[in-house]
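I've put the structures underneath this note.
First subunit A sits with subunit B, and in the next complex the same chain sits with subunit C.
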Partner chain A sequence: MHCLWCDKQIIVEVTWDNFLYPDKPKKLCIECKSQLTKITGAICKLCGRKSEDEQCKDCERWGGNRQWSKVLSFNRSVYSYNPMLQAMIAKWKYRGDYQLVEAFQTDFREAFKQIVRACPKDTVVVPIPLSDKRRYERAFNQAEALTQLLEVPYQCLLTRREGEKQSKKTRQERLSSTNPFQIIEVVRNPIILIDDIYTTGITIRHAAKCLIDAGCPTVYSFTLAR
Partner chain B sequence: MINSIIPSLRAYFSPSYDWIPKATSNLVANQPLSLRYGGKLLLREDIELDDTTFDTLCRQSYFQMIPALEQYLSGYRCKRCGNKTQHLFAKFACARCGNSHHYCRKCVEMGRVLACQPLYYWTGPPPVWEGCDDPLLWNGTLTKHQQLASSEIAHAMEKGRAELLTWAVCGAGKTEMLFYGIANVLRAGKRVCLATPRADVVRELLPRFRHVFPKTTIDGLYGGSEDKAGTGQLIIATTHQLIRYAQAFDVVIIDEIDAFPYHADPTLPFVTKRAAKPSAAMIYLTATPRHNQLQRIRTNRLPVVFVPVRFHGHPLPVPTFCSCSRLKQTLATSQAPQAFYQWYYNRKEKERQLLIFVPRVDLAERMVSSLSANLSVSAISAVHAADTDRADKVQQFRDRKLFVLVTTTILERGVTFPSVDVAVIDAGHSVFDQAALVQIAGRAGRSPDDPTGEVVFFHDGKSEAMVGAVKTIKAMNKKGEQA
Partner chain C sequence: MKGTWHLLAFSALLAVAVKTWHLIVVVIVFVWLWHLMKQSRLTPAQVIVICTGIIFFYWFTGFQTPKNEQVQANSGEIIGLTGNIVSEVRVKSYGLEFVLKGDDQNDYLVSYFSKGDVNADVLNQLQTGASCNLKGKVEIPESSSNPGQFNYQNYLRNKGIQYLFQVQVETNSSVNCTGSSFLQQVYNVRQFVLSKANDNLSSFTAGWVKALVLGDNEGIDPGTIELFQRFGLSHLLAISGLHVGLLVGGLYYVFVKFNIVTKEKAQTLILLIVALYPLIGGGSPSVWRASLMTMFTIVLVKIRVPLQVTDIVSLTFLLLYLIDPPNLYQLGFQFSFLVSFALLLSQKLWNNTRPMYQILLVSFISSLSILPIQVYNFYYFNPVSLLVNLIIVPYFSFYVMPFMLLLLLLSLTFPDLVSFLDVVFRLSHETVLQILELMDKFLFFPWVIGKFPLAFFIPYYLLFIMMMVSIGENKKKKAFLLGSCLTMLLVTISLKPYVSPQGTITMLDVGQGDSFIIELPYRKGVIMIDAAGSLDGNFEPSNKRFEQVIKPFLYSRGIARIDQVILTHPDLDHVGSFPYLLDDFNIEKLIISDLYELPEDLQNKMQNKIEIVRVSDKDKISIGTSVFNVLHPGNSNDLFGTNETSLVVFTKIGGLRWLFTGDIDEGVESLLLKKYPNLKADVLKVAHHGSKTSTSEAWIDQLTPKYAWVSVGANNSYGHPNPDVIRRLRDNRVVLLRTDKLGAIQYNFSGNKGTLYRYSP
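Presenting the complex of A and B:
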C-alpha cells in the first residue's frame, strides 16, 4: 500500500495480532494521518465544533433567529478543518482526486455509528446534492462519495439549483436569498444530511428547511469537517 | 494475437511520441488560434472556446482528439504525464459519462485526466513568428571558454536532431553562452524553450532574457506565475509546466538538468522530451552531471562541451577538510563545533559574509541562537525549503542586512552572493552528496572583486562524496589551466 496523500509506501509490521486477524489496509501513512485532528472532548451541542461552552458563539447567533435555528437539531463532524484537511479536501473535491475519500473511511464510519445512536431508528440518510453543472465539472458529488463510505442505505431526496455567488453576501442576505434546494420525494422520516464541510451552516440549514417544510419531523447533519 | 501484443508492449515501454498527430494540410490560417494553441496538448477545460466554435474547429481538424489514458496488456499509461505506476490510476463512478472508469492521480494537480475525456492537440497551421532581424540586444563579451561553448551550442541548435551537454563550472556564466544560439533560432522564426526543474531559476532568468531579447514574446511559466497563456516564441518554464506541450519547440534547453526533482520524477523527462519536436536540438546545462549522463559521455553517446573556468578567470575555491571530534554530540545540543569557531576567528577576510550549510531543517533553525551568542553578530537567520520568507531572507543576505545565513541544501544552487565564505557542518552527512558539495563550494568566490573564498567541510569522518567533490573541483581547475 502507498499513502494516498504522500505516496510513501506503508509498511505494516506483522505481529501475532495482525497475523491472525489482519488489519484493514491503512490508507494514510502515520505522518500524514497524525496531521488530521479528530474532534474529541467538549463540543458545542448544536454545531459539533470543539467548544468549552455548551453553545458556541457562532450558534448563539443562530439562536436569535427562530426560523433558522430550529430547522437543524444538531450537526456533528469528524475532523477539525485544519490546514492539512483543507489541502486534502481541495485536492479531492476541486482537483477531483476521487480516491482520496478512502483516506477518511475508517474515521468517518466510526463517528457515524456513534452519532446515529442519538437519532431515531427510522432516520434516513441523505447526501447534500450538487447542481448539475458542478456535478458535471467534478464528475462526482463529494457528499455522496462520503455517504457511500458508510455502507448504509441512503436516499437522494433533494436537487440543487446553481445559485449566484454567495460568498460576498452577509449571512442574512444569504439566508433570505432563494433556497437553492428542492425536494424530489416527500418522506415523513427524520433525516440525517451528509456533507463534506460545515462552515457557516447556511447550506445545511437551507437543505434542512426544505425538508422540514415538506413535513420531515427532524433533521440532523453529519460532516467530515467543521 | 502475438503480433498485436508486440507493438503494444513496445509502445508501453518506450517513451515514443508517435501518437502525436501531424498538422492537417490545406487549412485556412488562423494565426491568433495557432499562437494560442500551437504545440499544446490540452484538456477541454484548458481551451477557452465555446462549444459551438470548438466543435466546428474539431470537425475541420484544427484540433484532434487523443485518448488520454491508454490500456496496454501491462496496464494503463497516461499520455499527458507519462504515468505508468498502476496504483496511481484510480477507478470511480464518473458522473460525466455514467460509467465506472479510471483517472490519473499522478497529474491531477494540473487538471484531471479522465478515461472518458480525450486530450486535444492543435493540428491547424503552426504558429508563424515574424523573423526578427536582430533580436539580441546585448553588448557584453564572452571569455575564450564561453565563446567556444557558445559557438558549439549555436551550432547544435542550428543543426537540430542533436543533444549537447554543456558542463560548465559554477560561475562560468552559462546564461550568456546561450544568447547567440537563441538569437539565431529566433531570427529564423523558430521556437525555443528554456526549461529548468526549479521555479526560482525561472524567476531569475526571466528578467534577464526580457532585457536582452526585448522584441521577442517571452512567457515565464511556473506554478503560480502571472503568465498563463504560454504563447511566446521563447518560453522559460519549469519542466512541470511542459505537461501542456507536445512537439512545440525547435530547441529545448534544460538548465540545471541534474537538479531535483528532474531525475526523481519520471514525469519530468517524459514531458520535456515530448515538448521537443522530433527535429529539435536538446541542450543540457549543468555543473554536476549525473551518473547516467557521465556514462553516456564516456561512451560517446552524449556530446559534451566543457567550460572549466569561471567567467572572471580565477580557479574554483578548493574545499578544505576540518575534522571535529564528538561532532554528533555537539550537534545534538544545536551547537556549532569548536573547530568552526576557531576557523571563524582566523578567517583571512573577516568582512566576508558567511553561508553555513547544515544537514537538517531543525538544526538550521536551532543553531541560529547558539551562533548569535558565540559570534557576537546579531544579523543571523536560517532558511529552509518550507520557509515562506525564504526569498526575503535571501534578498536581505544579498543586501548585506544579514551577515550569516544558515541553510539546508536548498541554497546549494541557483543563488549568487558576491563575497562569502562557506562552511558545511557535518559534511559527511548523506544529504551532502558529491554534486551537492560541488555546488555548495561553487557559492564562494563568485565576484571578480573577490574571486576567492574559503570553503570548509567540518566532519567527523571523510565521506566518499567529500573526497569526490574535491577531486572533481581540482580536476576542473587543472582542465582550466591547460585550456
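Presenting the complex of A and C:
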C-alpha cells in the first residue's frame, strides 16, 4: 500500500493490538498522518474549534446577532484547518483527486460516531449541496463524498443557488450575502449537516436557517476541518 | 505478506498444536481468518497463503519423524559403528564429545572418555565431516522414571539424537577416521580463539569470555549457572541478539571509522562474519536466531526491501524450524523467539519514556512472556527475578559484554595488555556475583506453582496480550485489572490441590533407597516418609538424588511446605536428602523414633526451625482426618543395629491399609506378629528393599497384602530384591510393584477408591 498523499510505501508497525487482528489498510503514511492535527481536548462548545474558553470569540459574535443565534446547536470538526489539510483539500476538491477522500475515512467515521451519540436517535444526515454549475465544474460534491465515507443513510434535502465562491469573499461579505439554500423536502427530524470546512460558519448557518424555518427542531453540523 | 509473516509462523505453531490438542483449534482459526478477510484486514491472497501454510505445516509435522532402524542397545557389547561426524568435536572436562550420523541414519552422541589429554593421533582423526569407523558401546539415553524429573532421553531426541555411543578407549584401534569438511576449518578458528582466551586470561575471566562470546559455559562455576537459573538470568549466558548486536556494531564502527574498508565492503564483510558466528559461538538456538536475523536485515537493506522486524523474526523462525524441526521443542529456542517477538511488539511502548521505565518494561515483558513455559518446566516462579533483571541486565549489556569483547580482541592481538584489565574485571565481577549470592541467601522466595497445565496456556496468553494492549493504549486501570487476573490465574493453578478431592501416595524411584510422599485430599497434609540420599563418585554424600528426583517431584506437585517428615532410621539411603530438604522446604514437624540418634550438626541446623517429635509404639500421629499408628520400635534398648530400630507405621488411606516398614528384619517382623496378632495390610512396603533377611512367609501369611511395593535400585550390588522374597510374594499372589522396573509408583485416590499408576513405560 502506498501513501495517498506522498506515495511512499506504508510500513505498518506490528504491535500488541494488531498482531492477531491486523489493522485495516492505512491510506496515509505515518509522517503525512502526523501532519494532520485532530481536534482534541478543550474545544468551543459551539463551533468545535480548539479553545480554552467555553465559547470562542468567533461564536460570541454569532451569539450577539439575533438573526443567527440558536440556528445551529453546535458544530464539531475532525481536524484543525492547518496548511497540510489545506493543501490536501485543495488537491482533492479543486484539482479533482477524488480518491484522496479515503485518507480521511477512519478518523471521519470515528469522530462521527462520537458526535452522533450527542444527537437524538432520529437525526437525519444531510450533506451541504453544491450549485449545479459548481457540481459540473468539480464533478463531485465534496460534502456528499464525505457523507458517503460514513456508510450511513443520508438525504439530500437542500438545493443551492449559484453564488460566488465563499472562499473568495471576506467575512463581512459572507455575512451579508443572501441565503443561497432552498428546501426540497420538509422533514420534522433533527438534522446533522455535513460539510468539508467550517470557516466563518455562514454557509452552514444559511443551510441551518433554511431547515429551521421549514420546521426542523434542531440542526447540528459536522465538518472535516475547522 | 509484508507485516503479516508472523501469521505464517503462528500457523506453523498451530499445526503442531493441532497434532497435540484438537482439531477444534483449526476451526476457530479459520473462522477468525474469514472474519479478518470480510473486514478487509487481510487480503484474500494473504488468507490463502496462511491456510496453505497451516496445511503444509500439518503435513510437515507428520513428515519429520522418520522411522529409523532400531539398534540393539544397552547390551554392554563392544560393536563397530560407521558414519560421519556432523558436529563440532568438543573438548569437555572428561574428554571429547561429538555427534555422529551413523550409516543407519541414526544420530549418535559419541563420547570419548580420557583422563588427561586426549591422544594426539585420535584428536587429529576426529574432525568434523570425517567418515569414521568406531568401536564401543551403544546405550539408550536415560529416560525419566519420576514425575517432574528431567528427561534426558527427550532432551537429546529434541536435538535429533537417538543413541549414546561410548568409544572403547582401552585399545588404540577403536578410532579410525579419515577426511574433514570445511566446517572443521571454522571450528578450528573457534578452538584457536578458545585457546587464546585460556592462555592469556585468568581462568575466572576466561570462563566468562568463553561463555559470553564463544557460547562455551564449561568455564563457569556450576553454582553460578544454577544461581543464574534461580533468578531468571540464564538468558544472559546464552548468546543472543544483544551479543550479536554489540559484535556487529563494534566491528562496523572499527571498519568504517578507521577507514579500513568502505561502507559497502564493511557490510559484506560483516554479513560473512555474522554467517559464521553461530558456528564459532557454540551454535545454540539463540545465537542462530540472532545471526540469521542480522543477516536478513543487512540483505534486505541492501536489496531495498523494507520488511518489518516482526517479519524478519518470523522468517528466521520458519527457516530454523524447517531446517531442523526438533528445534521447536528446545527451551532455548522457545525462550529466544518468544522474548524477542514480545519485545518487538512492545517497541511502541518505550518511545518517549525514561530509560529507567524502559528497562523495567523490558524486564517485565520478557519475564511474563515466557512465564508459562518456565513454570511448565521448572514449576516455580521467582518474583524477585524481575528486580534482579532490572539491575543485572544493564550491567551485562553496558559493562560485562563490551568488556568481554574487548578482552577477547586484545588477547588475540595484544596479549600483553590484558592482565591489568583482567584484574579489573575479575574484582568487579566477583563483587557483583557475591552480591547476587547474598540476595540468593536472603531474598530467594520461589513461588512454587506446580506444573503449569497445558489448558491454562491459552487463557494466560489471552490475558497477557489484552494487558499489553491496555498498556499500549495507556489504560492503566484496565491494565492493572488484567494484570491482577493474570496473577489470579497463577494463584488458581497453585491452589488447585486445595480444592481437589484427589489424594496421592507416591513411591519415588530414588534408586537404592526409600522416599514416599503422601498428599492428602484437599491438601490437608503432605507427609513424607524417608528421603533417600546419594553418593558421588568419591563415595561422599551428594545432593544429586535430591536435586534430580525429590525436589523436582515436590515442586511439580506445587509443594513447598511439608507438614511431616517421618524418618524411619538414620541410614543414608533413607535420610541422605533430609539436610537439603531442610534448606529448600518449609518443614513443620520431624517425626523420629525415640531410638533415633540425631547427629549434632543436623540438630543445630534444625534449632528453632522445626518441631522434633519423638514417637514410640502405640503412639498416634494425626494429620487432617488421617491417623498414622506407630507400631515399632518401643523404647527398649534390646534392639541392635539401625535397621531393627526402623519406625513401622500403619495407616488407612484411600480405602486401603498401608504398612510402611523401613528396613526391619525377620526378627522385628515376628516381634510385631506377636504384638499385633490381627494386623492386616493391603499395601505392604517390602522391608529393606526386598532383602532376604526380611519379608518372611509368616509375615506375608498374617498380613495378606494385595500389593507389595519395593523401592530398589536397578542392578544394585546387594542383589535386592532377593529372588526368594520375590517367590514368596508371588506364591501368595501378591502383586509386586518395583521402582527399578516400573519407575515411580503412584496411587491416586478419591474417597475410598483409587487407581495405581506406574511412571516408566
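Heads up, the rule we're going with is that the second predicted complex is superposed on the first by the 205 of 226 C-alpha atoms of A that agree within 3 Å, B and C clash if a C-alpha of one lies under 4 Å from a C-alpha of the other, contacts with A are read in each partner's own complex, and residues count from 1 in each chain.
What we mean here is this: a contact is a pair of C-beta atoms (placed from the backbone, for glycine too) under 8 Å apart; a residue touches a chain by one contact, two chains touch by 3 or more.
Here the structure is a predicted model, which is why all the values come from computation and not from measurement.
Once the two complexes are laid over each other on the shared chain, residue contacts for A:D97 go to subunit B alone; subunit C is not touched. Of the two partner chains placed by the overlay, only subunit C lies in contact with A:E13; subunit B stays clear of it.
Using the contact criterion defined above for the overlaid structures, shared-chain residue A:P25 touches subunit C, although it does not reach subunit B.
Touch criterion met: A:H2 reaches subunit B, while subunit C stays clear of it. When the two structures are aligned on the shared chain, A:F140 is found in touch with subunit B, with no touch to subunit C.
Against subunit A, the residues of subunit C that register as touching in their complex are 2-4, 6, 36, 39-42, 306, 308, 310, 344-348, 465, 468-469, 471-473. The residues of subunit B lying in touch with subunit A in their complex are 87-88, 90, 92-96, 103, 105, 108-109, 112, 114.
The touching residues of subunit A, counted against subunit B in their complex, run 2, 7, 91, 95-99, 135-136, 138-141. Across the complex, subunit A meets subunit C through its residues 9, 11-17, 19-25.
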